[in-house]
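Okay, got some structures for you below.
Look at the two complexes coming up: chain A is in both, with chain B in one and chain C in the other.
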Partner chain A sequence: MDRVSLSVDRGEILAIVGESGSGKSVTALSILGLLDKNAKIEQGNIVFDGTDLTKLSTKEIQKYRGKRIGMVFQEPMTALHPTMRIGDQLTNVIKRHHKLTKKESHPIMLEMLKDVHFEEPELIAQKYPHELSGGMRQRIVIALAMSAPPELLIADEPTTALDVTIQAEILTLMKELTQKYNIAVILITHDLGVVREVSDNVCVMYAGKILEKGTTKEILDNPKHPYTNLLLRALPDQVNPGERLQEIEGEVPDLKQHLPGCIFSSRCPLSKDECFIKAPPQLSLSETQMVHCWEVSR
Partner chain B sequence: MKRIIVKRLSLLVLVLFGVTLITFVMSHVIPGDPARMMVGQRASEETLQKVREDLGLDQPVWAQYLLYIRGLLSGDLGTSIRTQQPVISDLAAFFPATLELALYAFIIALLIGIPLGVISAVKQNTILDHIGRVFSIGGVSIPVFWSGIVAIIIFYAQLGWLPASGRLSIGLEINRTITGLYTIDSLLTGNWKIFKDSLWHLILPAITLSYVQLATITRQVRASMLEVLNQEYIRTARANGIEEWYLIIFYGLRNALKPTVTVVGLSFGSLLGGAVVTETIFAWPGMGKYVVDSIAFLDFPSIMGFTLIIAIGYVIINLIVDLLYMVLDPQVRE
Partner chain C sequence: METLLQIQNISKVFGNFQAVNNVSFKLKKGETFGLVGESGSGKTTIANMIIGIHAPADGKIKFQNQSLWERGKYNRKEHGKMQIVFQDPQSSLDPRMTVRKIITEPLFILPSSIKKYKSKEENLVNLMKRVGLQEEHLDRNPHEFSGGQRQRIAIARALITDPEFILLDEPTSALDVSVQAQVLNLLKDLQQEKGLTYLFISHNMSVIRYMCNRVGVLYKGNIVEIGTTKDIFESPKHPYTKKLLSSIPGMQKN
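Let's turn to the complex of A and B:
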């Protein structure tokens, strides 16, 4: 990721959109120091609320995990302890963040389960993960991440592994909790349908760079960057039945090579010579919408 | 839970029947004449014949087997040809010594093996891990007769710290046996002197015997910990702010123990059966030594009695392993 600066207000959802392989998940993991031992942040820093998280020791970053920054992962099937009851997994986290005993955490745990729409929290608390469906498990994962509650929640493709019918349910739940707990949410997704559903602001990223950002309405109704346009056209509901789905030709470039021009130039249908030579200017289109593109500047 | 126990115990009967059949056939088809061993080379043909009749050796093998089974059903394991004692009372005299040795070896293997495996996995590829690995490779590759003798040379002959043979010092005797395990009996009767002495005598043979199991357990725990610690639920828990040590023990080890339990169970079985060499080195008056002597004497009733006890031990251990599995994994419970 390259000099990406994001800001999210409490009670708001910012969606980061990009195709697979653009480094979204790796960035999310690196924030809380959760990358594998063999992966390293070579340079740069991650600043959260004035503190550089990359400079923190394991012990110090520990204070951020769950407490100030929560995370929801893509795969609910494997994200829960397979042999520990749901209630115990939740109280384990709650008692740490609230500095309570296990017994004192119990009512909070039940409250959390109710918050993620379980009608019978007592019953669910007794269950093991394998007794729950994928959607139910993801709700538990969300409850775990919200239990502090943190100031910032990063949800990395929270609905990708779920059935379409469950997706909407999870998204509505996330939106609801964002407002209830007044937390800032970064939603990482490749699905513009998800964006339309929940987010307040959108940031379109490509190969580690921001191409365009703005409010959800601006980006969806009035996209300026060719890439955003292509992404929107690739949505299945943009074509009539029987027609071939639009695709964006080519692949995300290797993040290791430094291209002098616009990062998207190699795949952009509108690219001209200057796009390959010089980095595109940053253009403010409104108070909120911003785009990096030569074509828009012309 | 209950259903499984009942099912397993009824299976035990079948297993034991198979074990008796196999050991009986094997001990009767091998060449050798126990009656001749008993009376000696110079006894007359009539004496030999008479002893044969007494032992039932003149009858066809299948009739002998039926006789043996009939005895078994009434709790009679036959009479040892060598000691002239009922096999059951011989085993009762020697089994507790073996059990005590195996139990202590087992406890040592668990107490050292599990933490060592965890440390090796958590500190993977560091110096601690390398030391742990060399240590456990040693365990599985160094034979007991060698490590036992080296232990005796160092701790008994050179340093003089620990006794090298028997269960108690000469002159000491346990006055009352309840379980046959000296450390437990002396504790129950409050005899501290015997307790200390018997514990003292257990140290070298138990450590020697435990080394192989310890190594196996360490390697198994290390391997399954490495696998479990890479699971996504560990990452989720870490992201949720669970601190590292708690994560390792309650999220990692708990699940890593599942495959370990099987290995551990089987290793306890082999401790019971495999104490033969250790008992011989440390002159430990246990079942292993008894059965080696019996084999040399073609004493098939006691060999069969020994095999039967070990078989029962294995089945019971397997049952315990299955039950533990159910405790550790709620999915198996259904």
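Let's turn to the complex of A and C:
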């Protein structure tokens, strides 16, 4: 990852969109201090509600994880304890966050299950994860993440493993909870459709860098960076069956070597000499839209 | 148009679970027929019955007017006329085989004269180039390739026997959008060049719309709606089709 900057406010859903290897998950993990030992943050800071998270010890950041910053991962089965009833898993977390007894936690637990659209919370609380469908499990994971409730929720591809009709349900639920609890959400996804559906703002990442960011409307309807442009035209829902899909030639560059110019230059159809030599300038196109590109500056 | 593959009232039960229930459809030569549905709808079970992994409990599957299943036995008149490309190119390519071995493996079943002719170096190089790979890739192992390249290897393996029909089971679901575009374009080009017939299985409605001439919508083992892609997308009749279409994220809803 290289010089990534982003911010998200309460009540806002920020989508980080990118293909595999773009660094979108690494961004999320670094916020929570969950990077591998061999990875380190060389520069910069992560400021959460006035505190720089990069300066905290493991023990201190532990207080943020789960409590003030919640996390939802892609695969709901691995996030749940397989041999513990749903209700117990939830009450355990509530007990901890709110410093309550098991008995006191019980009604809160039922309330939370209702929050994530379970009509019969008592029944669900008795079940084990394997008795639930993928979509139901993901709702439980969201309930777990929301139990504190946190101020920031990081959702890493929360709907990728789910069917479309279920995906739609989960996205609606996330929007609803964002409003209800007035939390900030960072949604990591590779799916531009999901971005259009839920997010307020978007960061487009490629090979560890942010190439463009702006409001969802700006990025999807009026993309400026050639990569964003190509990516949108590579989507099969954007073209008629008779037309060819936009291909992006080549592959993501090897990040072990330091590239002096624009990270996308090797695959960019519009690249000129300077793109390969000097890092592109950061251009503000509006109060919200920002792009790193030589072509746009010309 | 001549019918290439005909599915007649097939059913399949696993234990108490009715995976496929009385499904029928036809594939005309040269077209792409899409099967769309969510997990558990029976898409893959249908694929497995066509390519010979599971015998249908009931019904008939005819390929080139010949019945594929006779009393629980799978038999083909001619080998190599039907091929398949699987979803996950990580697990569908043997990690210990070179690309050369992988793509020539389907030839083993063919008569030795054809086998000899088709595994000629020149033929292999042309095939590699056609799917967008290079000659030197022939002697490498699958782990040296990206997901998109691996799917190209899987496509080369399917093409080597000069099939009439290729079953594409979620061929781009594991790929990034930009790579998906490359593979879909390649599949369309190959179809035009070789007059291939595709059965395209996917859960992704946008991909189905882009690739297919006709579509069958599967729901809990039943085909609930079947029609041209235009009809399905512009005037869906069945409530489930409507639900599926309205669930596509980012689609402008009217």
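In the analysis below, the second predicted complex is superposed on the first by the 275 of 298 C-alpha atoms of A that agree within 3 Å, B and C clash if a C-alpha of one lies under 4 Å from a C-alpha of the other, contacts with A are read in each partner's own complex, and residues count from 1 in each chain.
Just so it is clear, contacts are C-beta pairs under 8 Å (C-beta built on N, C-alpha and C of every residue); 3 or more make two chains touch, one makes a residue touch a chain.
A quick note: this is a predicted structure, and the numbers were derived from the prediction, not measured.
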| item | value |
| --- | --- |
| Which superposed partner A:E274 touches (first chain B, second chain C, both, neither) | neither |
| Touching partner for A:E176 - first (chain B), second (chain C), both, neither | neither |
| Chain B versus chain C as contact partner of A:D191, first or second or both or neither | second |
| First, second, both or neither for A:G66, with chain B first and chain C second | first |
| Touched partner set for A:H81, first chain B, second chain C, both or neither | first |
| Partner chain in contact with A:D200 - chain B first, chain C second, else both or neither | neither |
| Doubly contacted chain A residues - partners chain C and chain B | none |
| Contacting residues of chain B [partner chain A, same complex] | 231-233, 235-244, 246, 250-251, 254-255, 328-331 |
| Chain B partner contacts - residues on chain A that touch it in the complex | 32, 34, 58, 62, 65-67, 70-71, 73, 75, 78-84, 89, 92-93, 96-97, 128, 130, 141, 144-145, 147-148 |
| Chain C partner contacts - residues on chain A that touch it in the complex | 19-20, 134, 163-168, 171, 190-197, 230-231, 234-237, 239, 241, 244-248, 251 |
| Sites on chain C touched by chain A in the complex | 38-39, 146-147, 176-182, 184-185, 188, 203-207, 209-211, 229, 243-244, 246-251 |
